[in-house]
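Below are structures written as structure tokens.
The two complexes that follow have chain A in common; it is paired with chain B in the first and with chain C in the second.
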Partner chain A sequence: MRDRVAAVVGVAVVVALIVIFPLIVTDPAATSIGVFTLVFMVSASAWNIFSGYSGYLALGHAVFFGSGGYAVALAARDWHVTGGWAVFGLLPFGGLVAGLIAIPVGLVALRTRRHTFVVVTIAIFFIFQLAATNLGFTGGTSGILLPIAPFSAANFNQPFYYVAFGILIATVLVSIGVRRSRFGLQLLAIRDDEDRALGLGVKTRRLKLSAFVISAVPIGMVGGLYFYFVGQIFPQFAFDPLFDLSIALMAFLGGLGTITGPLLGAAVLESLQQYLTQTFSSSATYLIAYGVLFLAVILVLPRGVIPGIAELLERRRARSASGPGPAAERESQVAGVAGAAR
Partner chain B sequence: MSFTELLQAIVDGILTGGVYALMAAGLTLIFGVMDLINIAQGAMVILGAYLSYVLSVHLGIGLLPGLIITIPVMFALGVAVEFCFMRRLRDRDRTQMSILVTYAVAIVIEGVLTAIFGVDFRQLQASYVNSSVHMLGFYLPDIYLIGFGLAVILLAVLYYGLYRTKFGRAVRASLQNRTAADLIGIDVNRVRTISVGIGVAVTAVGGMVFGATNSFNPNTGYDLISRLLAIVILGGMGSIGGAMAAAVFLLVINDVVAVAWSPTWAPLVYFAALVLVLSIRPQGLFGKSAARAQ
Partner chain C sequence: MTHLLEIQGVCKHYGGVAALSQCDLQVHEGQINGLIGPNGSGKTTLFNVITGYERIQQGAVHYRGSEITNAPPDRVFNLGIGRTFQLTRLFMRLTVLENLLVATQRDEGWLRTVLRRAGSASEKRRAMDLLEFVGIARLAHEPAGNLSYGQRKLLELASLLVADPAVLLLDEPAGGVNPTLIGHLADRIVELNRAGKTIVVVEHNMEFVMSLCSRVTVLSQGTALVSGTPAEVRSNPAVLDAYLGGEDDASTQLELAAEAARPHGQVTPGPGPAPPAAPAPPATPARPATRARPATRTPPTPMAPEPVDGPTPLLRVRGVTAGYGGGDILKDVSLDVPRGSITCVVGPNGAGKSTLLATISGLLRPRVGTIEFDGAPISALAPKQILGRGLAQIPQAHSLFGEMTVRENVEMGAFTVDDDALVAQRLRAVEELYPIVRERAGEKAGSLSGGQQRLVEFARCLMLDPELIMLDEPSMGLDPQTRAMVFDMVQEMNQRGKTILLVEQNARAGLRLSSHGVVLENGSVRLTGSGREVLEHPEIGALYLGGAVTRPPARAAGD
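Moving on to the complex of A and B:
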């Protein structure tokens, strides 16, 4: 009971902090980092609904990010939507397009498993990138301009920030809903042993496809938001292999298959990444810093930050519970058991 | 498109396919022995190209003699990466974790190369880079012939090493069953380290030929790795023969489409062919269906 109260208070404090952040910090550089961070929190969380729960490592979700972005950009251009709140109304359309695209992509990619699946998602990603570059209606390499948002310069970032936060709340609620449902349990069963799950009557194919489509929709929506914020969309930016790997890394860093893990991973990594890009003007320094940090985290906490820290706390609790005398011995036992369990 | 153009495209595809086969063979060897996917293979090819570039431009050592230096350097890099990072991955999820670890290595390589050389495109130069031989009505660029020749020789050496030597037997044993190999006295860790070293060493040659036939910058590795992965998966992971066949198959398709339709759409057909084949045969052309069982 005390844990539950603590959790509710904790969530309330974090939500309140996110809500008041742009009201306290008015520096546009900081609030734009906030927008980018929220976009990636949505993306990592949505990606986790499919890849984290089912164990299928998809490295092609930039397809949905880019498709959502292009859907919103094209809709705004062809339906003559003027800048302002109306463009935010197109975001569900971006999500819908991403979800529709996810159906054939999922049908093809989910015929394969494990590393073959990873590579097929990468290949499909490149097909989309090439198509966006070469097809006529996407504007080719020069891309499409989105309507200019008419918000005042001082508070320009705030609408984007709060809309992204709204999408984030919806995504997290979906993630929690999936995780707690029978559907989520069946996805976890697929992750642990797909053939056995199939043998026990789990309709694996239908489930995997549903999760794949569900994970695509929020990414399509924030894709639209992202490119409206940036003001322009072109292929290299919309279909960026770094996006695929970044969201996977964020989820891994925080803890794959957990609800809070991808959120924490994205919050830490994306804000750090944006901060490093703003601090180091040279992309080389930024790349090296990012790569080294990434390596260090994987090697020190290979199971992700949240499970890793939970494990450390568990050990500490075991040590303090066992009294001062045989503590060291007890600890080594626990460590041994933890090691064996790996 | 005339018939001669078609034949020329097929010949070009076979010659470039040989070089891709060599780079992909390194990747598939690492996968076969370690169960690891080396995403950094593309970045390492580009690193190899830059090494050749430094040797030829700043030290006046030609591209071919330079290989005597670049091959051991890349071998050492492979050994270092295996020792520092790959070895630490735990058995469960190691394939997936390896993608992240080696991707981080690729980012670091890209960052270091950007810091030293900037993002300008470069190309390797030598007397044989722009000349060509006119044979049987085809124009065969010398560098393609040299690259193809080197690839064939090295693949032959690799094949001989794997199937006719004691070390090769140890590699294949570790590939089939780690525990059993351990039990009969094979130092599996050593075998793995050396295999990764060899798998990375071939990128020195691949990088030299790639750098002479394409312009490159530190970012080029990503395009390359996606192609190499496509080849390796299509051939069946862990199968060197499969990688060779798939490399030639995909590059012939690529070059024929480039001539027959348009060079901009050629890579799309390349990836579409991959997706199509894998939808029918998820284990690749020559792979065993082990990928499904696990």
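Moving on to the complex of A and C:
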């Protein structure tokens, strides 16, 4: 019970911090880092709904990021949506397009398993990148300009920030819902032993496809948001292999298959990356930091930060079970958050 | 009368090997049906076919009168047929309770699965009741991966029961489980049966099967051989033949008859039941008589090493105890492999035969005891060093690299030999001996038939020019003709001066071929003697089938 209260308090504090951040920190450089970070938190969390729960490592979710972006860009251009909040109204359309694209992609890719699946998702990703470059309606390599948002220069980032946060809340709620449903349990069963799950009546193919589509929708939405924020979309950015790697890395770092893990991983990695890029104005430096961090996590906490720390705390708590002091208090609070992650 | 589950004429081939051929099985409703048979007889494959894990091209499976041939596993389960696996399969990272909540409640539809919360209060109550039933309720919130082997078996059983299937297919429920737990499992199975469940049990533990089942079907080489009550099955000579390896064709029949009539060494009485009376005086000896030694029934407790006469044996195993993980599989095993002999180790499934070979070849280190090869201790050496001493093993079937060519596979055999000229010379010699190595040199090894693959394995082994060759079940999964050929090849290798240690499921054929026989049972040596003496020992049937089984005397006398 106390764990539960601690978890609720913890979540409330985190939410409040995210809400007031752009009100306190008004530096546009900082708030734009906030927007990018929220976009990646959504992406990593959504990716985790499929890959984290089912154990199928998808390395092509940039397909949905780019598709969502193109869908919003094209819709804004062809339906003459000229900016402002109306473009945000197109984000669900971006999500819908991404979800629809996920159906045939999933039907093809999910015929395979394990390494083959990874390779197939990467191959499909490159097909989309090529298509975006070569099809007429995408504007080819020069891409498409999105409407310019008419927000004041001082508070330009805020609308993007809060919309992204809204999508994040929705995504996390879906992630929690899936994890608690029979559907989520069956996805975890597929992760552990797919054939055995099949033998217990689990309709594995259908469930995997459902999770695949569910994970594509939020990514399509933040794809639209991202390119509206950046102002233009072209193939190399829309279908960027680094996006695929980044969200997988974030989820791994935080803890694959947990609810808070991908959020934490994205928050740390994306803000760090953006900060390094801004500070050293070199886009390659952060890759070195990325690599070092990734190696460290794999070596020290191979299951990810959240499960790793939860395990450490569990062990320490077991050792000091007899004397509850202030330290134990703090522990139970952190463990409560970690517990909510499961 | 139609049966609840009916399998007709099912055939299943893997490459050149037939796992099931024209197999029939009737499962009687409301009964506990046993399915037994030697290793590789197709029991698990049959389960896989029924539950949709393997597709068949020929044959039919009917359930409650409607056809379910090649139905996918989820559909089969939702129809009410649940199964367990030989090597227990669980969702290791889920908790025990969660493992029980995974199974669907008989086709509940996609939307309900997605929207429904996992484990409503009533579902959880039911799951807890089932855990209570199998006796692991207190472990409900442990990750399944933390359970012991026996507890896993119980959990696997419980996870099936959630959906209340009408038929339970249990693949070796008692395999690797301690005796107390076996009793507990048997009670649960009986109770489930009383509650109306139809049960099919595949099991090697004969006591378990015979006491539990009302009907038993014996599979042999992919075909249902006999079906009947436990008593009928036990007393049917064909069943013992299936376990010991039957007389396949007329020529071996004759050979056996002639051999049986041949005089052999006096059998010394051991602490067991009295040996059979010596058969009738000589007819014509069928083959040069092997030097007969008395068969000694080794007493189970403290066992003195068998005295060795003459020169030191090539391989000498003394008091070896070994096993994987917590348990000992071999217990104080001592045996000799005399130079130039074919020594055959036989015994029921799970006796420790393959473990014995793994221990000798250095893959498994003995906990106690010594192994000497050519007078020098080898039990502390690495597998590669043991190989270098001239002791090579041909493992159980399918040890070739299927995607590599025949030639590459054979060359792999000599990868520890650095001398290219020597390798080339040996390759020529091997090609001479097994022309198939040259004829099919460029083909993928996986495309060969089962028998051809064995030849390539022999060829690969001979590339090392070993002194002692250990063969693990060379006849497994082969048809009678190919098997005869493989045994001829073994004999030929022996005649070329190789000492052979043979592990064989087909005990009769193996022992007939061998100059020395050893019977392992439950990790201990039970009988030693010449191949013939072991073969004709009255107790060997009991060792395989449990209880007292005697072969009809008329047959043994060769009339």
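Definition applied: the second predicted complex is superposed on the first by the 319 of 342 C-alpha atoms of A that agree within 3 Å, B and C clash if a C-alpha of one lies under 4 Å from a C-alpha of the other, contacts with A are read in each partner's own complex, and residues count from 1 in each chain.
Here is the rule we go by: contacts are C-beta pairs under 8 Å (C-beta built on N, C-alpha and C of every residue); 3 or more make two chains touch, one makes a residue touch a chain.
Just so you know, these numbers come straight off a predicted model, no measurement behind them.
Touching A:189 in the superposition: chain B (first), chain C (second), both, neither?
Second partner only.
In the overlay, answer first, second, both or neither for which of chain B and chain C A:201 touches.
In the superposed model, A:201 contacts chain C only, not chain B.
Let me test your reading of the model: by the given contact rule, A:35 touches which partner, first (chain B), second (chain C), both or neither?
After superposition on chain A, A:35 lies in contact with neither partner.
Once the shared chain is lined up, is A:124 touching chain B (first), chain C (second), both, or neither of them?
In the superposed model, A:124 contacts chain B only, not chain C.
So, A:252: does it touch chain B (first), chain C (second), both, or neither?
In the superposition, A:252 contacts chain B only.
By residue count, is chain A touched more by chain B or by chain C?
B
Touching A:181 in the superposition: chain B (first), chain C (second), both, neither?
second
Overlap of the chain B and chain C footprints on chain A, residue-wise?
Shared contact residues on chain A (touching chain B in one complex, chain C in the other): none at all.
Tell me, which parts of chain A touch chain C in their complex?
Counting only chain A, the residues touching chain C are 180-186, 188-189, 191-193, 195-204, 206-207, 210.
What residues on chain A touch chain B, complex-wise?
Against chain B, chain A makes touches at 57, 59, 108, 111-116, 118-120, 122-124, 126-127, 130-131, 133-134, 241, 245, 248-249, 252, 282-292, 294-295, 298-299, 302, 342.
Can you list the residues on chain B that touch chain A in the complex?
Listed in rising order, the residues are 37, 85, 88-90, 92, 95-97, 99-101, 103-108, 110-112, 114-115, 119, 222, 226, 229-230, 233, 237, 264-265, 267-268, 271-272, 274-275, 278-279, 282-284, 291-292, 294.
For chain C, which residues are in contact with chain A within the complex?
Residues 51, 53, 72-74, 76-78, 82-83, 85, 89-94, 98, 101-104, 106-107, 110, 113-119, 159-160, 163 of chain C touch chain A in their complex.
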